[in-house]
Amino acid sequence: MRRLNLKNNWLETPYVVSYIFKMSERENILGRIREALKVAAPLPGSHGDTSVHTSAEPPTSHAREWLPSVGASVEEQFALFAKNAADLKADFQLFASREELKAALLKLRDAEKWSRIASHDGELTDFACKALGLPVTITDHGYDVQEMEKCDAGITECDALIAQTGGVVVTNRSAGGRALSVLPPHHVVIARREQLVADLPAAFAFLQQKYAPDYPSMISFITGPSRTGDIERILVLGAHGPKKLTVLCF
Amino acid sequence: MSFVSQFKTRATEKSGDLRHRQVIRTALRGYEIVRDKRKAAFQSWESARQAAAETKWEAINHLDTHLEALVAKLEARGTKVHWASNGEQAREIIAAILRDKKARCIIKSKAMTSEEIHLNHALEKEGFTVVESDLGEFIVQLRHEPPYHIVFPSMHLTRGEIKDLFQKELGDAPSDSPEELTMVARRVMRQKYITADVGFTGANFAIAETGMISITENEGNARLTAALPKTMITLLGIEKILPRFADLALFLPMLATAGAGQPMTCYNTMYSGPRQPGECDGPEEWHVVLLDNRRTELLADAEQRDALHCIRCGACLNVCPIFRNVGGHTYGTTYSGPVGSVITPHLRGLQEWKHLSNASSLCGACTEACPLKIDLHHHLLQNRRNASASEPAFFERLAYQIFGIVANEPAFWSLAKKIGWLTQPLQRAVKGSAFDPAKAWTKTRDLPPQPRESFKDWWRNRK
Amino acid sequence: MTVTLFIPCFVDALFPRAGINMVEILERLGHKVVCPEEIVCCGQPPFNSGYWDEARTVAVKVLEQLKDAEVIVIGSGSCGAMLKNFYPELFKDTRQLQLAKQISSRTWEFSEFLVKKLGVTELGAKFPHKVTFHDGCHGLRELGIKKSPRELLSKVAGLELIEMSDAETCCGFGGTFAAKFPMISTAMGEVKCASAAETGAEYIVSGDSSCLMHIQGLLSRQGKPTKTISLAEVLNTK
């Protein structure tokens, strides 16, 4: 088939020929799979007995009972989130009011000496950007990557905070695109305390409920600032993604 | 040199390399401590393993249905899906996309599947510039060597060696501090993300229910690779399927725990399409290449089918005493360690690669460590059985046939013991020399002295 | 009860004392011990090399010899695993499968037999030395043996048990592996010996004499003072 020199450009190659080429490989592979699966493989833990069947319930539906425990109350969960974030070297601060958050944001701006930031449209990010009073690159209607590369921080909202992991869930819909939460060297998340979920199963259920079937094309679970252990297994932060992750919540 | 000779030569060299042994031991000691801590944090790691095993059983034993669901959903949102029966087809599909886009530079995030099909070499031959963005892969790319470990590609190197490497290849190595060396890589990569024509990724999981590809990483290089270039290509083996979105809630922390002793890897990202209407960035085109490359042969072996449950966490490599002593490069394959020793005979040929399944004491540490409860060490044994059934080694089989006769006839066994006792002085005389039939043992070890009275002699005498 | 004691081939030829000690312990506990003289080997060497037909030739004889045994005790984790876990596998789809399963259900490794079947841990032994215990892989991972030997050792007067960090790491013997891949086998043994040395123990104890053979072979060649001893011998020392 390579000798026909077909290119995988659907505009140039006769569609039918390309389609047949594609479909035949697909059918080859699916055909081999179906043939292979004619013989049953025993279930794990069934000791070779192929008559044992799976239950109707998905095996992972009890994951909550096996993953690390989280507290029952919101206070305990916030405490757990705080502890986990600290272990990850992420900066987490919980405020009683929007005004306190604003004050902390200004302090951060001055301490880090930000001169330019990037962000997206949103109730919380509008508030944050207005408070900071710095030149902002807004991503929502397209942006220049080189301009974003010059920004000191990326300010975003998020979908959820996860107590169990100390992590943040963003999507390209809730956090200004794919690059904003990963290109600038400092990622700042502005969140509401209601956005805290207990654990990973809750986070996935939340996302499914919020977005299905029209999911954002990118969903990302961010657990701490970027890191690597590739050199002698020594932890280094800021490998390619942000070196600093700050979560401000009120 | 045959593959088995190469393996034995390298294994012998590395087994005696005490410096290598210490470097690996130190690297893995750190991993063991955090891994045990994270496993203990689970309310029930064992229940999680069982559920994970059952989930992958469902995925693999209904692979056709799940793949069709995955592809339908991906295509519905504009993703172009390609099917490749083998590495050659996959390479051609990818090269064709690059040619079509008139790409010059392709930035890659870590993908063992791309190692498997020797993608970089093929693309570079055609004149494309291929940049590995993952730090560990970047390092071994500069050294022109394959990754040492499927999760930690540069585990075998010290900071001093990396400093020297950066000095030589990049002219930029301020010191040997891991922090500064990492920053060198960060600086080098920065503009490459922004200016690369094509971004290439692998995948950790493919979700059938929602049509998503899930990528796990710590550095953020995959996220940048999937955000900035105009064209994105993802290559994955067909066995990466998980049935449901919610399954990730268990698989992601298990992968992190077993693979690196982390509660969660830093970035776990699910992609469901190229840039959609209304989205402000992301690739305009996304090509997903599904790779068979003899996985369907492993699938057809119902006894070993669960080897396809592997999530490439590397836990089995980390606990394997063979891996720890011979190192990742000795295997000469993409997938090393226990899982590599199980699947390589299926993916590349049983007779040519059975030696990997032979080079094991069958200790079972791998099976114990596997978060998916894959019966790894028994599969090694099954590979041995299959290899000798299809092509028995004449002298070895003869030896076992003779052994069978001796073992079934106590008189022969008594005779054998007597001969052993009588020839002991002779054994001592030739010990270690070319005439010593026990040379394999006596080169480094003493043989135990054979007592005059065996147990059976004692037993008989008591009566 | 009548205990049928299965003595592995290498114990018979090279380490008879391990077997003798087992006989004496069981008799002292009031049981009749029978050692079928017709049994030479469990068949593990051809089995592990993948020559299952040849393994079956030997194993069939073992099944024949053991079919009327009330209870079978084996003084080795690896032979124990062969009978208990691997015989049913080896005889799958044959007419001996039922017998293999029955024999499997009546088979015990020596330390497990004492502790779990007989409920005995105190044997009146005295061994005033510092020791460390090596967990043979088959016993540990195929048969789940971890606690029983330690419970037995805890009752030995004067004995001080110090665990080595690599107690559960394979010593590198692996049967024919030791001869087929000698340098890897040696490297693994060196790691084991180094770990034992770190504890300062005078003796390395194990329920598997095959492992000890390999470990002792290395220690002797290297002129190291650490000694190896079978669990049965420790438990029978006064």
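Each chain gets a letter, A, B and C, in the order it is written, and its residues are counted from 1.
Definition applied: a residue touches a chain if its C-beta (ideal position, glycine included) is under 8 Å from a C-beta of that chain, and two chains touch if they have at least 3 such contacts.
As the structure is a computational prediction, the values presented were derived from the model and not from experiment.
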{"item": "Steps needed, at minimum, to go from chain A to chain C via contacts", "value": "2"}
{"item": "A-B compared against B-C, more contacting pairs", "value": "A-B"}
{"item": "Between chain A and chain C, centroid-to-centroid distance (C-alpha), Å", "value": "51"}
{"item": "Centre-to-centre distance between chain B and chain A (centres being mean Cα positions), rounded to whole Å", "value": "26"}
{"item": "Averaged-CA centre spacing for the pair chain C and chain B, given as whole angstrom", "value": "32"}
{"item": "Chain A to chain B touching residues, read off their complex", "value": "2, 6-9, 22, 25-26, 28-30, 32-37, 39-41, 43-45, 54, 58-63, 65-69, 84, 120, 139-143, 145-146, 149, 165-167, 172-173, 176-179, 182-183, 199-201, 203-205, 207-208, 212-213, 215-234, 236, 238-242"}
{"item": "Sites on chain B touched by chain C in the complex", "value": "8, 11-12, 15-16, 21, 321-322, 324-326, 358-365, 367-368, 381, 383-389, 392, 396-397, 400-401, 403-404, 406-408, 410, 413, 417, 420, 440-441, 443-448, 450-451, 453-460"}
{"item": "Of all residues in chain B, those that touch chain A in their complex", "value": "27, 30-31, 41-45, 47-48, 50-55, 57-58, 60-64, 67-68, 77, 80, 82-85, 88-89, 92-93, 96-97, 99-100, 133-136, 139, 152-155, 157-159, 162, 178-179, 181-183, 185-186, 189-190, 193-194, 210, 212, 218-221, 223-224, 226-228, 238, 243-253, 260, 263-276, 279-282, 287, 290, 292, 296-297, 299-300, 302-303, 305-306, 373"}
{"item": "Residue numbers on chain C that touch chain B, as the complex places them", "value": "7, 9, 11-16, 19-20, 23, 35, 37-38, 40-41, 43, 45-46, 48-52, 54-55, 57-58, 61, 137-138, 140-142, 168-170, 172-175, 177-189, 191, 213-214, 216-218, 220-221"}
